[in-house]
Structures are given as C-alpha cells and as structure tokens.
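The following blocks contain the structures, represented as structure tokens.
Each of the next two complexes has chain A plus one more chain, namely chain B in the first and chain C in the second.
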Partner chain A sequence: MTDGSIAVIPLSGELEIGRKAEIRSTLQLPRSAKSILIDCSDVTYADSTALAELMRFNHEADAKCVGVAILIGNPQFARLLHYAGLVHVFEVFESRAAALSYLGSRNAP
Partner chain B sequence: MMASAQRSLLLTALASAVVLVLFISAGGLVRGYLSNAFEAYQSTYEIKNLSDGALKLQLDEETGIRGLAATGDPYFLQPYSEARGPLERVFDRLQLALGVPVVADALPLLADARRTSAAWHVQVAEPIVASPHGSAGRVRRYGKELMDHYRGDFAQIDVILEERNRGVTQQARDSIDRINIFLGFFVGLLTLAAVAYGAQQMSIAARSVTQERRAEEERRQRSELRAAYEAEKRIADTLQGAFTQRPLPRLETLSFSASYVPAVEDAKVGGDWYDAMALAKNRVLFAIGDVTGHGIEAAVTMNRARQSIISAALRDADPASMLTRVNLEIAMEGTRLVTAIAGIADAASYEFSYAIAGHPPPVLLEPGRRPRFLECGSVPLGAVTSPAYLTRRIQSVPGATIVLYTDGAVEHSRNVLEGEKMLLEAVAQAGEQADVDRAAFIHRKIFAGRSVGDDVAILTVGFTASNEMRALRRLERISS
Partner chain C sequence: MIGPSELRIVRDADPSAPRQVRQALRAFLDAFNIAPEFVEDVLLAVGEVVANAVEHGYDGPRFNTIEMRVRAGPNGTLSVDVYDSGTFIERERLPNRGFGLSIVRAIARDVTFETGRGTRVQMIFDPGRLERLASEHIPFRDGG
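Here is the complex of A and B:
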C-alpha cells in the first residue's frame, strides 16, 4: 500500500459511529512512510465521530512530522469536511495526481 | 409440577402392587414344588424301608431254616416262624405303596418276589422243617437259588426307587432354578428400572437446577443491564431536558422558536443543545451545538460548552472570542469534539453576527428572498489548541430570521446536499406562514412523521417586522 515513501490508506462508504473501531484500526501511522494519502474517494458520508477520528490521526501524523493528504471524490463528503472546517486543517485534494505530487514535493529534501 | 408428581406416585404404587403379586405367586410356586418334592421323598423313603424290611424278614426266615438244616436244633425255627406273618403284611403294604404311577414299574418285581418267597416257603422251608436231617443238598441249593432271585428283585426295586429319587430331586432343582431365573430376571429388571428412573429423576432435577440457575443469571444480567442503561438514559435525559428546556426570551423586537426532538433509538441520547438569552433590550445571544457521541459524558461536555459560551458572552460580545475561550476549555478536557455556532442578534441595527466551530451553516430567511446558507467552515471546539475563529457579520432587515440547526436536520438521509435542499425548502415554506412555530414547522416539513435516527435541534431568531411591531404596540395599548 505504499507509493514510494507515500503510504495510502483507503476508506470507503459511510463513515459513522458504528464503524468507529474499524476506522480507528485502519487509521494507523505506518512505520516507514514519510507521508500518507488517505484515500476517501469512495466516502459519501462521515459523521462527527468519523471526522474526529480523522482529526486525531492528523494530530498524530503532525506530531511525527508525517504529511497527510486527503483525497475526496464525493461532493457530499466535501461539504461535510467544509462544515467541519477540516479543509483548513487537512490538505484536501480532488485529484489523486495532485495529492501525490503534493506529498512527493513535501518528501523531497 | 403437581400433575407429574401425582403421576409418578401412581406409577410407584402400581409397580409395588405388581411386585407384590409376583412375589406371592412365586412364593406359592416354590412352596408347591418343594412340598411335591418332599412328599415324593417321603414316600420313596417309606417304600425303601418296607423293601428293606421284606428283605430282612425273608433273610431271617432263611437264616432260621439254614440253622435248622445245619444243626437240627428246633431253636433255630424261632426267627423263621416269627418272620412269616410280618413278611406277608410288609408285602401287602409294599404293594399299596407301589401303587403310585412313578414306581408302578416295581409292582411286577414285587409280585415276582412274593412268588419266589412263597415257592421258597413251600418247596424249601417246609420240607426242611418236616425232616431237618434228611434235607438233601439239592433242596438247599434250590433254596439258595430262590433267595438270590428274591434279592435280585429287591435290588431292581431299589434301582427304580433311586431313579425316582433322582427324578424328584432333578425336578425340584429345575423348578427352583426356573423360579430363580424368573426372580433374578424380574429383580434385575426392577433394579434396572429403578436405576433408570433414579437417573432420570436426578438428571431432570440437575437439568432443572441448571436451567433455573442459568435463567436466574440471565434475568439478573438483563435486569442489571436494563437498570444501568435506564439509569444512564434517565440521567442523560434529565441533563438534556434541564438544559434544553430553558425558556426562550420574550422580547418586543425579536421573535424565537425552538424544537428539540431526541433520537428515536434510545441509546443515542445525544449532546445537542440550543440557547437564546437576552443580553440587553435589543440584543440576544443565540447558540446551538452538538457534542460527538451520546450518553452522560456527552451531556456533561455539552453542559460545559454551553455554560462557557454563556459566560464568555457575558464578558465579551464578540462571537469569535466566545468560541476561542470555549475551545480552550474543551481542548483541555481533550476527549470530545463539539461543533457550535455562537452569535448575537441586534434588533437595533438588524445585524446578525456569528462565529462557527465545525457546525453546519445557518440559514438566513429574509422577506421577499429565497432562504440561503450563510458562510461556514472552521474547526470544531476541542480539535486544535489555537483555532482561528472568525466573526461574520450580516447586515439584515426587519422581518429577517436566522435558522440554526444540528446536523441531524440535514444528514438524516446521509446525503447532505439533498438534506440541505430539503431544509431550504422547509425554511422557505415556514417563511410563507404567518403565526406559526417556525422551528416545529421546519422539523415537521423535513421529517414528515418519519422516525429520527439522530437528535435534531432547531432554533430560529428573527427580527420583528415593522408592521408586526406596530400591531403589537396597538395590542399593548388596548390591554393596558
């Protein structure tokens, strides 16, 4: 699941409180990767619990200087991220290439 | 329970009766067999005695005659003459005794013995008695021959008696064996039945004890669980109820409506709240919020957020400053995220000012215009330590209303864009109604009687339209 030193974590469907444990176990920092792409292109919904998990993960990554980008594909999910102000906290991309190029340039010395 | 006890009692009584009858009849059989055997022995014994007697008496006679023949002394005639009478009587009794079918084979032998005895008497004893010295050796030899024949007859009778004895013994043994087998079989069966019954009773008892214990345990766990759950729900409900039921302000220049519908699913007693509080004659604080998660902890966090917004508002009227203060408190707690909107409605200047922390955007409804979403987008309370909250100001008009809501109002179908469309439509329709509880109306329009999966709070704050204000003043004058 790594693109060079970029790890890709896929999430899909409706992220809600019932899947909290699953989301938390999926959102783990990989040991080696310098940056992470959370692929949410198939995510259609996220409740506040799921958004909180995303933020927790972002904090952890930030503390270890690991870059995080979120790839989104669904306008509803985009709207929810906007509500939550997470577009200002995360690096959010609608294109995979753009997300990877951002993370790649971040990894470059 | 009663019926089965009665049935097993009846069965036991029945089994006892059967056992008793069987034992009595078995006892009768044993008695019959044994008495038969005993009688047969008795009669054989008697016959044996008689035949021994016949043999002895005949030998006495013969000894007497031989003595006479050898010595010529008449003294020897005494046993001979004493024996003849009893011998005849013994013969008669023997004949009678041998009349039983089993030993009837012996009768011809007895007859032969009698004939031999008579022949001996006439042809041997009497000639010798007549002339003791003149008895020829021929007569003596003939006498010995007859005696041997006589003995042979009784030896054969003995054999028959022996056989009969053996037969009786065997018969008695066989019948006792049969009874033993029968009794053994029966007792075995009874024991088996008793053991099976006992085992069954024990297993039934054990099973019912285990089942009872298990059922008891399940009941206890269920009731504990229910009690714990109900306690939590009661506390959460109480907290929630106490907080949300704070009365809305009654002001001449501002109108309010609010609706709070908790989740149908009991476990989702949530952390939604709203507040409207007069800060001055024409200024009100309005706030709405939602704590992630449900239950008591969510309700407690909600209460903290809510109180700190109010106390921040009392110190500083700038919405962004309020949220920044509140964020510090929530972030220190560190467990939950809170989304909220805090704002001020100023009826003197018709201005709404508000700040948002991760909450869905408010809707603005102005007379003669389609309702629209206001700007939003900033992190929830407790998410980051130094968020940049922004106070947004909307210069509006008399009759304008700001509609605040929690995410349940737009995320009910999981399609937030669709949900937003429905909300705008509901708000537009509410705007066309006069004298309506707008919050309740909007809730009704969105959910149309459908069950609600999440808490939904709606708060509207509106500037009284100028014509409404004039009407109100007129009313007040009339009533005073």
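Here is the complex of A and C:
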C-alpha cells in the first residue's frame, strides 16, 4: 500500500512471539518508497518481539536513507515504547495526518 | 485457578503460551477489579518473562514446561512467579533484544531470578508504583 511516495505498512492485532515470523515478513522494505509509515493503529497488544522487529526494520531503512514513522493508537503500545526507552528512537505519532505530514516534508526536495 | 486469591497455570513452552497465559492472568485480575491500565502493565511484564521462557525452550528437541503462580498479597500487591525448566537467557545480551528485562524492571517493584534445575522469576507488583507509571506523560513527535 502506498500513499504518494510514502509506503504504508499496516500491522494489527497482538504483536508477540507467536507471530514473530509473520511480523518479520511484513516488515520488509518496499523497493521504491522514499519513506514508510508503519500503521500500528489497530495493534491491540505488543511486546519486545515487536520492538526487536521494528528496530531491525528501522536500521535497514536508515541504512538506505528511507524515513520511517510509526502511527500508534493503543496506550499499551505507547507505554511499551516508554518502558523500553524507545520513545525517542522511533518517530512516533498518534495522528495519521501528522505522521504523513512529517514524512511528506522529509521527502520534499 | 486453585483458589479465590491464587492462580496456577502449567503450559508447554510453545509460542502460543504467552497469549494463553496472559488470557488466564487477565481473567484472574479482572476478578479483583484492578484498574485496566494496571492490568495492561502487569500483563506486559509477565508476558515478557513467559516469552523469554518460550524463546529458549522452543529451540530444543522438545518443549520445556512453564508454570505461573499468581497470589494476591497484602496492601493490594500481586506476586507472580514464573517457573520454567530451561535456563533464563538475558535477551539484553542479544542484538536488538535488549528490551524485555528492561520492561519487566520498569513495571514490577521487585524482580528476582533463581536458577538451578530450571529458572524461577518472581515479580512483585505494587499498586502505588503502577499508579505512578499510569500517570506518566509520554511525549511523542506530535505532542501526544
């Protein structure tokens, strides 16, 4: 799924060890996108398995100068990031419009 | 469940175990009318410990066993013991896996480990600490 030059990767449900392989296969860098929105607004639970996969994805994107933003909708996900000390490692948004605006401005020449 | 204030569950340490353990723990906690935001934090911490047990139990030729015991203590405290027949792996030592134990230590008032013939992780949850955690402001990029 793409939104202009922004690819959108949706994740939903419970992101934990039982879905590790599925999360990894979903979080793959698209070939053409300049930036990526990981849409976690329908995630109902996440743990460190999800964080590890997001960190891996973030590193891969960073190495290719691809911007990444994470959209969250569940307070549990917010607290997970907080407890892991990762709030400022990722670009995290609670508003889809704000996330897309950030990525769009990043794509601007 | 083995009593109104104690829960015991035993499971194979397969990848479905954390979800099933969380469901059982949620039902137990709901019976105590604990605030939802406290429940979510306790489920997260316990889920991390169970996931750790699964991760190293799943690599062997057979599944290890996980046992969780939950007891309601004095002054609203909650004691959760997780036993498994493997050796606790501090995932903090592994690349990109340095979060699980940090999360548990952020949420629980006390965390202790005993290793020998298996591993026992004991977590004590305190309502005052959970209340403080729930009131913390988490700043995001868009000011959330």
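Definition applied: the second predicted complex is superposed on the first by the 109 of 109 C-alpha atoms of A that agree within 3 Å, B and C clash if a C-alpha of one lies under 4 Å from a C-alpha of the other, contacts with A are read in each partner's own complex, and residues count from 1 in each chain.
FYI, a contact is a pair of C-beta atoms (placed from the backbone, for glycine too) under 8 Å apart; a residue touches a chain by one contact, two chains touch by 3 or more.
Here the structure is a predicted model, which means the values were calculated and not measured.
In the three-chain model built by superposing on chain A, chain B clashes with chain C. Shared-chain residue A:80: touches chain B and chain C both. Chain A has more of its residues touched by C than by the other of chain B and chain C.
Of the two partner chains placed by the overlay, neither chain B nor chain C lies in contact with A:64. Of the two partner chains placed by superposition, chain B and chain C are both touched by A:17. In the superposed model, A:102 lies in contact with chain C only, and not with chain B.
Of the two partner chains placed around the shared chain by superposition, neither chain B nor chain C is touched by A:31.
Contact with both chain B and chain C is seen for A:51 once the two complexes are overlaid on the shared chain.
In the overlay built on the shared chain, the residue A:89 is in contact with chain B alone; chain C does not reach it.
Steric collision with chain C, judged by C-alpha atoms after aligning on chain A, is confined to one stretch of chain B among 43-51, 259-267, 277-285 or 313-321, namely 259-267. In the superposition on chain A, chain A positions 14, 17, 45, 47-49, 51-52, 55, 75-76, 79-80, 82-87 are in contact with chain B in one complex as well as with chain C in the other.
Against chain C, the residues of chain A that register as touching in their complex are 14, 16-18, 20, 45, 47-49, 51-52, 55-56, 59, 69, 72, 75-76, 78-87, 91-95, 98-99, 102. Taken together, the chain A residues at the contact with chain B in this complex read 14, 17, 44-45, 47-49, 51-52, 55, 75-76, 79-80, 82-89. Within the complex formed with chain A, the chain B residues making contact are 290, 292-293, 336-337, 339, 356-361, 376-380, 383-384, 387, 407, 411, 414-417, 420.
Across the complex, chain C meets chain A through its residues 15-16, 18-19, 22, 37, 40-41, 43-44, 47-48, 51, 54-55, 91, 96-97, 99-100, 102-103, 106-107, 133, 136, 138-142, 144.
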